[in-house]
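Next up: the structures, one after another.
One chain, chain A, appears in both complexes that follow, with chain B as partner in the first and chain C in the second.
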Partner chain A sequence: MLAFKLALKNLIGAGLRTWLNVFVLSLALFMIVFQSGIIEGWNRQAKADMIDWEVGGGEYWHELYDPYDPLTLNDGHAVLPTEISQLCMDGQAVPVLVTQASVYPEGRMRNILLKGIDQSQNIIKMQTADLKNDSSTINAMIGTRMANATKLKTNDLVTVRWRDANGTFDATEIRIAGIFHTNVPSIDNNQIWVSLDNLQRMTGMDDQATYIILKQGITSTPTVPGWIYKGYDILFKELDTIIKAKGVGGIVVYIILLSLALLAVFDTQVLSIFRREKEIGTYVALGMTRWQVVWLFTIEGAMHSILSVIAAAVWGTPILYMVAKKGFGMPKGIEGYGLTIAEKIFPYYAAGTIITMTLIILITTTIVSFIPSRKIAGMKPTEALRGKVQ
Partner chain B sequence: MKTFFSLLIICLTTSLFSQPSGKEIINLIDKNLSAKTRIASARMIINGARGSRTIEFKTWAEGEDKSFTEYTNPAREKGTKMLKLEDKLWIFSPSTDRIIQITGQMLRQSVMGSDLSYEDMMEDADLTSHYSASVTGSDTLQNRKCWILQLNALAEGEAYQVRKIWVDQERYVPLREELFAKSGKLLKRTQLSEVEKIQGRWFPMKIVYKDMLKQGDGTQFVFETLSLDELIPENIFSKASLK
Partner chain C sequence: MNNSEIISVKDLTKKFPMGMGEFTALNGINLEFSKGEFSGVVGPSGSGKTTLLNIIGLLDNPSDGDAIIMGSSSRDLSVRGAALLRRKHMGFIFQTYNLLTVYTVFENAEFPLLLLRMTVGERKKAVLEALEWVGLTDKIKSKPAQLSGGECQRVAIARAMVKRPEIVLADEPTANLDADNSHHILRTMEKLNHELKTTFIFATHDDKVISYLRRKITLIDGKVSRDEIVKQ
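Let's turn to the complex of A and B:
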């Protein structure tokens, strides 16, 4: 206890030098907590958005369908099996049919995916009621990314060309009945949504679908021949990979920040031992063993981290709280990156991360304080008393 | 009155006998245009919304299923080669030094920004076995009298269910073709001109393709040289010839 009291007194006595170290360490801790909070917040928001807008409670894919291989769209569709049809009729699932097509906004050809979805569905957030036809023109919906890319606006008419199930070209004009905004680019980029019955009629693929979105909370996912159930582990795989990559990038930043802060503590320790040789000799002359003096100096250095945790809590908590409440704005144009990311990220500060990072800082600061302090153990007290550099 | 009707019947029957049936006309077109093999040097002039560019190439084709094309100019495209075997297409790009296979839906992509898709470019299906034809009228194009033919696909699965062709009444060469979607919307128009006699056949040396849904003035094909029914070594149509 004496060592702690003495260390604290010495630290406070060192004045500005101590507070600079404490501030740099607290800044490192703050940045680490903030960055990991942003990444975790993004992860949680993105998954919630994907569940709301795209994947619901999981999906059944036609066994030949692969969203990353457009060639599979030719054969990756079939008539809904009875088990899934029943789910759709009960409002527990919604079928989606996908085909390749070309759209010609302002006379420029753009290859797109034409997707058909039941207009009365409430499984995903898209306001598909807008797809209901009020005239002979087919109503369609696009996302804001697609609208920006094609310069299409609500009520615009645009020509779409596609091939039917037999490979014959067909074309018609469709009306943009609505433009939706979503954080999920995979249902927006280069896609046009029409009602399922319209697309089935257009392509001659009656009662067929490419994949089926299940309602959130569905627990029973029976095996259906010809269809493969895809759970969150598969559907979030791409996002998880991105988040993991970002996490690794974050660790590099943490290491750099922490190294800079620890370097300052290390330098301070070296300087302290160099300047306080007489003091060290006095401690030994008064009866302390050399290792007790090493312990004293190590605690002194380690207390930087304790003070920095307190400082980070004092000045960092209000900032972290405010950002968590108001959100952290992403740069403009982030929509175009093809990532599921909100315009504002609300950080999520996991207690586990904060505790882990605090412990890491405490341990590493103690280690870097101990390393230069070991020199004391090799000192001759008489020489130290005389202030002779050893 | 009796004399008038007699004259009318004579006129009509004379007219009917002088006009060949649609089937006869497309038979004659196929006979004229479909060759066992074709070797050609040509220029493709792509007139897009942002200006035009010219690409030169040499092509070897055998029947409907085999074709090999090598781009020779400009420098950026030089050395690019395409091989089509049945419904498969491979492209070799010298800049990447890789052979890429393009199949299925990707065959419907535009060739180098032109108005043609890969499958349009390589389509050489004879009309007789795929379409029924009926003469719907006559017209004059390029100062030549033409029959107007409507072609309806014999089976489902043809890229275009309905085609309309303007056929030179003397040479049996199409001078214009229009391709329609199932809905009846005009999708593509082809103008054929500069008809020359090559190895006893009348052949259009300039073809202008226009995707009617796109902006721009279409894509021109101008044949510099063309030889028909020449023997092409089998190794031309192999993947080894791509590199």
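Let's turn to the complex of A and C:
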């Protein structure tokens, strides 16, 4: 207790030197919490968007369908079984038919996936009502990424070519009835959406689908012969891998930030021991044991972190709270760099992360304070009293 | 060692490494100090005064011989044991005051009592008494930077005396003070020696200090050349 009291007095007495270190450490802590909050918020937002726009409450895939192997599209479709048809009729699921196709925007060929979805669905966020035909032309929807890549605009007509169920090529013109914006690129890149009945008619695959999206919150997922239920554990596998990779990158940033802050504390400790040799000698002459002095200096260093946690809480909490409320705007065009990200990220600060980071800072600060302070134990008090650098 | 003997130095030798060889700072010193003495080790620079004081204060170890402080041999005491003995029974006064700059006058004087784990009430009473001895009760909230040299040394005396130690070791206490301040702090120490029977040992070559001593030990080249009672 005495050491804490003396250490606090010495720290406050050291004035600006202390507050500079405290500020640097609190800045590191703030940045770590902020960055982890952004990453966690980004991850949660990505999952929420994926649920809203793509996977709903889970999916049934035709047993031969593999989204990573386009060749499976030839056989990976079938007429909906009764159990699933009933779910679709009850508005609990929506079927999607997928086939390979080519489009010719401005005369250039582009391979795409042509997807058919029930235009009256409300399982995913896509405004499929735009797919309703009001003329003989087939209405289609594309995402902003696809629109940017093909330079297609609303009401543009574009030729699309596909093979039907018998392998025969067919082609027609479709009209871009709407362009949707989503943070989920896997329903946007190189994809054109048309109404399910149109695609079934175009391909001769009446009443057939490749996969079925279930409504969020659906709990009953019975086993259906020929169809395989895919839960979030499988549907988020790719996203979880990306999150893990981002996590590793985040740790590297934490280490760099923390190292810079700890270097400041370490430097201060080393400098303190040289500058305060006379004081150390005085402590020993007044009856402190050398290890008591080592302990005192170690606590002084470690208390930088306690003060920094308090400082970060005082000046950082309002900022973190405000950003969590208002969101953190991402630069426009960031998608061009290959990053899938929302325009605004709402950070999520996990209590576990904050506590862990605080403990890491406390422990590492204590260690970097102790390392130079050990030197005191080897000092000769007579030399220290004279302030002679040893 | 008789009953009133508080410090005994026997065949004390201290050598320091110097270049390829050694420098002998103290060479076979034999001395005894009794309780309540007001004595000084005098001599020119480099004669070994401070080295002798450091060994008596258990801040340094002899190369040969022994220093027995209040019945404890410097050879047998551990570093921790020496620290505890200093904490309880010794006070130090330095030429450069060695006050803790971030502490106030009160806190500087209080420091030795914190190490003795005295209660707040006990500490306050003892510190105010010590500051009254040195005439600084009006400066208790001042920091050392706000004090004159003489005032700083008076704080150092209060700090050394606050726990009423048996021994006070003063190394050139007047070296940075003018004549008036020197006489003032010497009179203070003389008064405390009379009132509290504290043993004072000075290391000095200042005539003003020497004029107050009752026993004068002259060191030349690490040897006692004269040990005389100059005042009763």
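Keep in mind that, in the parts below, the second predicted complex is superposed on the first by the 378 of 390 C-alpha atoms of A that agree within 3 Å, B and C clash if a C-alpha of one lies under 4 Å from a C-alpha of the other, contacts with A are read in each partner's own complex, and residues count from 1 in each chain.
As a working rule, a contact is a pair of C-beta atoms (placed from the backbone, for glycine too) under 8 Å apart; a residue touches a chain by one contact, two chains touch by 3 or more.
Note that this is a predicted model, so its numbers are computed, not measured.
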Exercise for review: Pick one for A:Asn111: touches chain B only (first), chain C only (second), both, or neither.
Suggested key: first
Point to revise | Touched partner set for A:Tyr68, first chain B, second chain C, both or neither | key: neither
Check your understanding: Looking at the overlay, does A:Gly281 come into contact with chain B only (first), chain C only (second), both, or neither?
Key -> second
**Study point:** First (chain B), second (chain C), both or neither touched by A:Thr168
**Key:** first
Study note, to complete from the structure: In chain A, both chain B and chain C touch residues none
Practice item. Under the touch definition given earlier, write down the residues of chain A that touch chain B in their complex. Key: 70-71, 73-74, 100, 102, 104, 106-109, 111, 159, 161, 163-164, 166-172
Study note, to complete from the structure: Touching chain A in the complex, chain C uses residues 54, 57, 59-60, 79-80, 83-84, 86-88, 90, 92, 94, 96, 98, 100-103, 107, 111-112, 114-115, 117, 159
Check your understanding: How about chain A: which of its residues touch chain C in the complex?
Key -> 2, 5-6, 9-10, 12-14, 278-279, 281-282, 284-290, 292, 380-382, 385
Study note, to complete from the structure: chain B residues touching chain A in their complex are 49, 103-106, 108-110, 153, 156-161, 179, 181-183, 185, 187, 211, 213-216
